[in-house]
Amino acid sequence: MHGFYIYAITAILLFCLGLWGLAFHRNLLRKIVALNVMAGGVFLFFISIANPDQSGEVDPVPQAMVLTGIVVAISLTAFALCLARRIHEKTGQNELDTSCSIEDGDG
Amino acid sequence: MESLLVLVPLAAAMGSFLAPGRGIASWGFLTSLAIPALAAGTAMDVYQHGARRISLGGWAEPLGIHLHMDGLSVIFLIMTALVGALISIYSAFFFKRDTARHFWPLWLLMWAALNSLFMVSDIFNAYVVLELVTICAAALAVLSGKTESLQAGLRYLMVAMAGSLAFLLGVGFLYAETGMLDMFMLSWELQGGPVAAAAFGLMTTGLVMKSALLPFHFWLPPAHGEAPAPVSALLSALVIKGSFFLLLRLWVGVFEPAGITSHAAYVLGCLGVLAVLWGSYQALIQPRLKLIIAYSSVAQVGYLFLMFPLLCTVPEAPWAEKAWAGGTYQAISHGLAKAALFLAAGNLILSTGTDRIHYMKNIASRLPMTTFTLGLAGISLMGLPPSGGFVAKWMFMQAILESGQWWWAVAPVLGGLLTAGYVFRILGYAFLLAEKEPRMLPVPFVLEKIPLILALCSILIGFRAEEIIFLLQEHMLWAIEVEGDS
Amino acid sequence: MNLNFWLPLLVLCSSLFAGLIIFMLDESRSRLRTALNLFAAAFKVVAVHYMAYRLLVHGEMHQVGFSMGLGFEFLIKVDFLSLMFLALSSNLWLVTTLYAVGYLEGSPNRSRFFGFFSLCVTASTGIAMAGNLITFFIFYEFLTLTTYPLVVHRETRQALEAGRNYLWYTIGGGSVLFVGIVWLHVLAGPFNFTDTGVLEALDPAHYSTLVIIFALLIAGLGVKAALVPLHGWLPVAMVAPAPVSALLHAVAVVKAGAFGIVRVVFDVYDREFAAGLGLLEPLAIVAAVTIIFGSVRALMQTDLKKRLAYSTVSQVSYITLGAAILAPFSTVAAIVHLVHQGIMKITLFFCAGNIAETLGLHSVRDMGGVGRRMPVTAICFTVAAFGMIGVPPVAGFVSKWYLGLGGMDAGLEWVVGIMVLSSMLNAAYFLPVVKTIWFKHAQKKWRTKHSGRFEAPLTLLLPALATASMSLLAGLWAGWTWSPLGIAEQIAAGMGALP
Amino acid sequence: MIWVLAVFFPLLLAGLCLITKIKDRYWVRLAALGPLPALGLAVFGYDVPPLEMPGFLLGMHLGFGEYGRYFLLLMAMVWTGAGLFAACSMHNDPDRRSYTILFLLAMCGTLGLAVAKDVVTFYAFFSLMTFTAYSLVIHNDTPFAWKAGHVYLVMAVLGEGMLIAGLMISVHVADSVMFMDISRAVAGLSPAHPMFFLLFAGFGIKAGILGLHYWLPLAHPAAPTPASAGLSGAMIKAGLLGWLYFFPVNAASMPSWGAFFMCLGLLGAFFGVLAGLLEKDPKTVLAYSSISQMGLMAFFLGLALFDAGLAKTALPGILMFVMHHGLAKAALFIGVGATKYARGQGAVTFLLLAALALPALALAGAPFTSGIQVKYLMKDLAAMGPLHSVSGILLPLSSLGTALVMAHFLYRILNEMKSAENACPRDQSLVWLIMVAASAGLPFIAVQAFEVLPAAWQADAGFIWGGLWPVLLGIVIYPALKSRVPLRAAFRSWPDAVEIMERTWRLYFARWRSSPFCHPSCGQINFVYMVDRYIYGYKSMETPCSIEFRLRQWPVAGFLFVVLTLLLAGLGIMI
């Protein structure tokens, strides 16, 4: 039971860390990594609930889910990296543009 | 038949990916012929026999994948089929060769994912298909390859991914609490408590982010505004509805019976009202046509969230059926109308070569059909009779007044007014006489007709509300709980 | 499935289908379009009169209804009051179509114009025949939408501005009305205009809610009926072509609002009940304020059409005032003024349009000598203007007379004061126009486009002549059983007594 | 049918004149035919049954009633004369067509109101007369005519307003539109009932009662001669007729109103004399004389109203007065028109003056005229009525005043003739002489009609002297007055009420017109423009834009994510 909490709390901390990174890092690569940290946190949580009471029986369902989740996360990361590279190619920047989109009204 | 709904577009996606030749659009055509027929068949089935569950591959409850079919999913399926098919036909005439090569596999894959999302009964599978939808949608959004669209697409992707991860963490919490993933078993098993509440918060926020409800709407206007017209239509009409559908399922099916939602629903209601007002207001001041429509989506999504305080605060509320019907109707009619609007906007951009409404003068006499489409779709969005939007507004309004939570009425009333404001802002320029004859390209026949058909559909569903409401009321999610259990 | 079923549908569809076909017609096929228009209009007039004959003489009940699946019925039902509005709008549609054909001769986008024109009349026909509040609302909103393209028809910046104004106002009003209707529906369930005493049967605890609902309904309808302070769109909408103004002011829009108020007061709330709730007196006061305000504002206008617009603000509120006074005479006045105001105001707009079109004159000051150049138009204008002032034997007198008497019967003596004050203000802004037209001399050379045998194209002249004669005859033969007054008296005598 | 023909024949002629293309100069001549059916009806139709047309207006009732026949007779006679004169004098007028039409319409109005038996019909004809008369007033298109027309119109509209209010109240009180019921119902009303005030003023404007007479001395001279004859002979009597209908003359005593009428009437009588003496234009002199005479009629009416017992005798007197004054005044106006261009030379002048003098003498109450009949009757009644001591002095004085005004009038005419150049047209003179004859012949008919009247041709010396002395005195005094008393100088410093009112009105009106209240856009309440200012204003564009910008920042979004999650989870726990 004790171990479960360690894992679970670590998982949630990881999730929050990733979220923090996503929010506060401007560099795209860092953002993508932060997302992966979040994903890692979630997967860790799944792993932790597969065997909450440290007994011999391990629930296979969360593990299957983690496997699937990793696949999903990898593909998304790959795609995001692709996009980030294209943006870098086009603009030479590693950040997202956040300007106000309204130039003029028509009164 | 139900699995065909997923398999057909999936196969077509593969086909179009593997054979991206001259006839790539025929994959889309074939799918758009098949899916509406399949969806209609499923709908007839549900209409006559009630909701059903199907176990894929014969696996038993906890492990197998189940498809769940009730009135709600059927209605979303049909809406997706209709909108998807018409947009497919439009796209076949819209995209040039090289873009079509990317478009068709992505879109058909997304169609498959959407169809499965509407039938899914398992929250983890829901996560998977939702991610599938997301990745396809993000890829579609960057189809034009312009810098702005790339940035918008990436932002969308990251927000959606963060949302999905929150959802997934919530799934984990639920599984930790109950040890099961199936929504309908959860609805029996789940009790309140901190873990369930945390799962509730995470899942809701994740889905809210993906549905672009007010504070998280920032990714939507650029993503929808920069994409090519049919893609914007797909994103607005269908993709947002996917995550909203899931949210609705979870709230009504899982969290409401657990009694978690009764206070939190007000938060979503408030955000909905704010979204309606804010989105409409933003739409009112945007200079670009597609941004107007995109912000209009922000507003219309807000309407949908009014369902929650009406459905999930008081158990067994007598007005729940009306709110339920109203919200669903809003989702469908918005899907149809918004698709029509985006496609019509695509025509306008095609013809005038600009996205700025200042330059879209005198289109009323040059493109009367498109102007008419804008008007019709606008009517549905405004909720003027007789249209799908009106039915939604009527039902909503009744539920709101019956429930005594009259303050929600601000959204339909003021929102409708503001909607009229921006719709007629577009139409106003359409009627304005140009000082000098603007150069206008002709718009192909089909491209003009498809949005018109969509807009007409969004009007016409207002006339036959009876069947749809029957579908919703007689076969609502909770009506089959016993059957699902047995 | 007999004539009682088909006749209302025919009446409704005659203009609907005409409109849809006209949309599809090519711009250049003006002769076919005109023929179609006139045929549909004439057909409608005949159908309406046949229906009137069947209803009035044989007491046949015309009714069509089907369920919308939303807990209410889409009901079309013709009673006396419907008939009144129906006859007005169908007849005036015919003359206005004729007028519009002449007025828009050779201008662009006529297919669009006449298409929406027909749809607009369909909407007002639907409003007339609506059997319950929701059906009414559906047509009411339809009317809003179909008139917008007509208002912006000129495609200028002012036209656009006017259209925007019009829309914001009417859609806003529609939203408020919608809330009221839904609330009423929630409270009392679905009910039709002919069901009496539904609201009275409610739990008295709901009575305060009913007051709020009444305010919502009136505020919603008051936008179209141009009750002060909700009248702002009407003068701005003046930039529309003259036939559209005629339509807005006399046939459809403003009239629809006023008709709605009459319906709400008579058939939804029932006047005794409304009076018991203390609703009628505030309504009467609002109407009275509107009457005076509109007249005063009209006095300040130099543009003839603007003056007429404010005059409408004032005149239409007579209907509201009549509805808000609990006396048989004022009921008659409200109903009969629905018609009288229509035929008189449309005459004025036709004439103003004629003058503007033929001589290019808009300001009242420049209109000297018009009487000599265009005597028929000037005579029509004079007749209608005197009607507006309330000089017998033109129709307007009848309305005012009954309204004043009704006010006194109800113990509201101030109504007579309002009546007189308003008549004098009417005189103050109409008589100078009449004086200038007839007795002043032309100040400068006219920019005249027309050169023909008559003073103006016959299509412009005949409608004005027809409506002017109608307003004169409606006053002269007011005592006839089937005159507008006669029918209004029958309605007042047997309100809702019809099966 | 007879009624319709009699009343609407002028209308028919007007309609024909309007739509036919034949030379309009003939139509001017046909105008004289207008009143003939009415004349015939009034003379021969004493037993024609009243007409009821329920479909027409709000139910039209035509019939003689109590007073109708006399009024119809008078109006028809006056209009015949006016029409004949118009036929002779207007055929070269550039606007003769419209003049003819409006002349006929005004004629129709006066004829109709004389025989109307219900309120609505009465009012319809009354307003027809009122508004068409305006066009007659401004017909000459001179600045003076426009001014006169303006004053006339403003007062007429005010009058119509008060009238319609009063009529509505009366119908409400009586619950019937018939005059018969109304006169019965008003008898029971308190004299302070607002209806009386409204109707007094409404009809008073038309009747030119003192205080409401401003339009009269302007409008009558401004109009062309035939129209002046019609206005003065017929139209102002309509006001009196209205009073007769709506005050309970025969049915009840109303001392307060009676005394009020009497006082106001006497004041008006003297005011008219004084003001008339100050004027130069013969038509204006006549107009003031009309005010004076209407004052006397009001006095008469007041007597009848004061005491119902006197009414039986007073009513025929009033009717007689109406006819007497109408005919004489019409004859005088037509005379002015006929002699306007006449070159005065010797015998012709004398003859013309003599002919003019006849109706003038009648007005002054000379023996052997209708005037003396009225005067004697009035004197007898006044002696029985209240204030008999005062009125015993004032009535003869008013006769003297009338004589003076008439002398003044003849003097002014003489002056005019001196400066004239043309000969008097023969046909015009003929018409005029017919009118003079009608006026002179009135006593013979009148004695037949009203038995209370004394005969005009009595050989009784006292009777003759009673009529003669004011006239003689007037003739004697007038030259002295003219040369010795600088009347004009004495009264020039008196402010002219109309002038003052007009000046004040102009001042304030101009100020009002130029004030921001009168700008066409004042009071414009337009919510759309108000909302626009908020939506599209610079400030309101900035703030939302910056909010949107903030929301797009990742840290903000992350923060909101956490807040929403915690909020929802927290609320989820709270059950």
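As written, the chain order gives the labels A, B, C and D, with residue 1 at the start of each chain.
Definition applied: a residue touches a chain if its C-beta (ideal position, glycine included) is under 8 Å from a C-beta of that chain, and two chains touch if they have at least 3 such contacts.
Given the structure is predicted, the values throughout are model-derived calculations rather than measurements.
Asker: Can you name the chains that touch subunit A as well as subunit D?
Answerer: B
Asker: Going by CA means, which chain is nearest the middle of everything shown?
Answerer: Centre-most chain by C-alpha means: C.
Asker: Could you work out how far the Cα centre of subunit C sits from that of subunit D, in whole Å?
Answerer: Centre separation, subunit C to subunit D: 37 Å.
Asker: Taking each chain's centre as the mean of its CA atoms, how far is subunit B from subunit C in angstrom?
Answerer: Distance between chain centres: 42 Å.
Asker: Please report how many Å separate the Cα centroid of subunit A from that of subunit B, as a whole number.
Answerer: 25
Asker: Using Cα averages as centroids, what's the distance between subunit A and subunit C in whole Å?
Answerer: Chain centroid spacing, subunit A to subunit C, equals 65 Å.
Asker: Which subunit A residues reach two or more other chains?
Answerer: 19, 22, 31, 101-102, 105-106
Asker: Taking each residue of subunit B in turn, which ones touch at least two of the other chains?
Answerer: Touching at least two other chains: 162, 285.
Asker: Where does subunit C touch two or more other chains at once, residue-wise?
Answerer: Touching at least two other chains: 164, 168, 172.
Asker: If you go through all the chains, which pairs of them touch?
Answerer: A-B, A-D, B-C, B-D, C-D
Asker: Name, in rising order, each residue of subunit D that touches subunit B in their complex.
Answerer: Listed in rising order, the residues of subunit D that touch subunit B are 535-536, 541, 544, 548, 551-552, 557, 560-561, 564-575.
Asker: Help me check something: in the complex, which residues belonging to subunit D touch subunit C?
Answerer: 53-60, 98, 120, 123-124, 127-128, 131, 135, 138, 141, 153, 157-158, 160-162, 164-165, 168-169, 171-172, 517-520, 522-529, 531
Asker: Could you pull out which subunit C residues touch subunit D in their complex?
Answerer: Subunit C reaches subunit D through residues 164-165, 168-169, 172, 228-229, 231-233, 235-236, 293, 296-297, 300-303, 306, 386, 390-393, 397-398, 400-401, 404-405, 408-409, 416-417, 419-421, 423-424, 427-428, 431, 435, 438-439, 475-481, 483, 485.
Asker: Spell out the part of subunit D that touches subunit A in their complex, as residue ranges.
Answerer: For subunit D paired with subunit A, touching residues are 532, 536, 541, 545-546, 548-549, 552-555, 557-559, 561-562.
Asker: Flag every residue of subunit A that touches subunit B in the complex, lowest number first.
Answerer: These residues of subunit A touch subunit B: 8, 12, 15, 18-19, 22, 28, 31-32, 35, 38-39, 41-42, 45-46, 49, 52, 59, 61-62, 65, 68-69, 72, 75-76, 79-80, 83-84, 86-87, 90-91, 96-97, 101-106.
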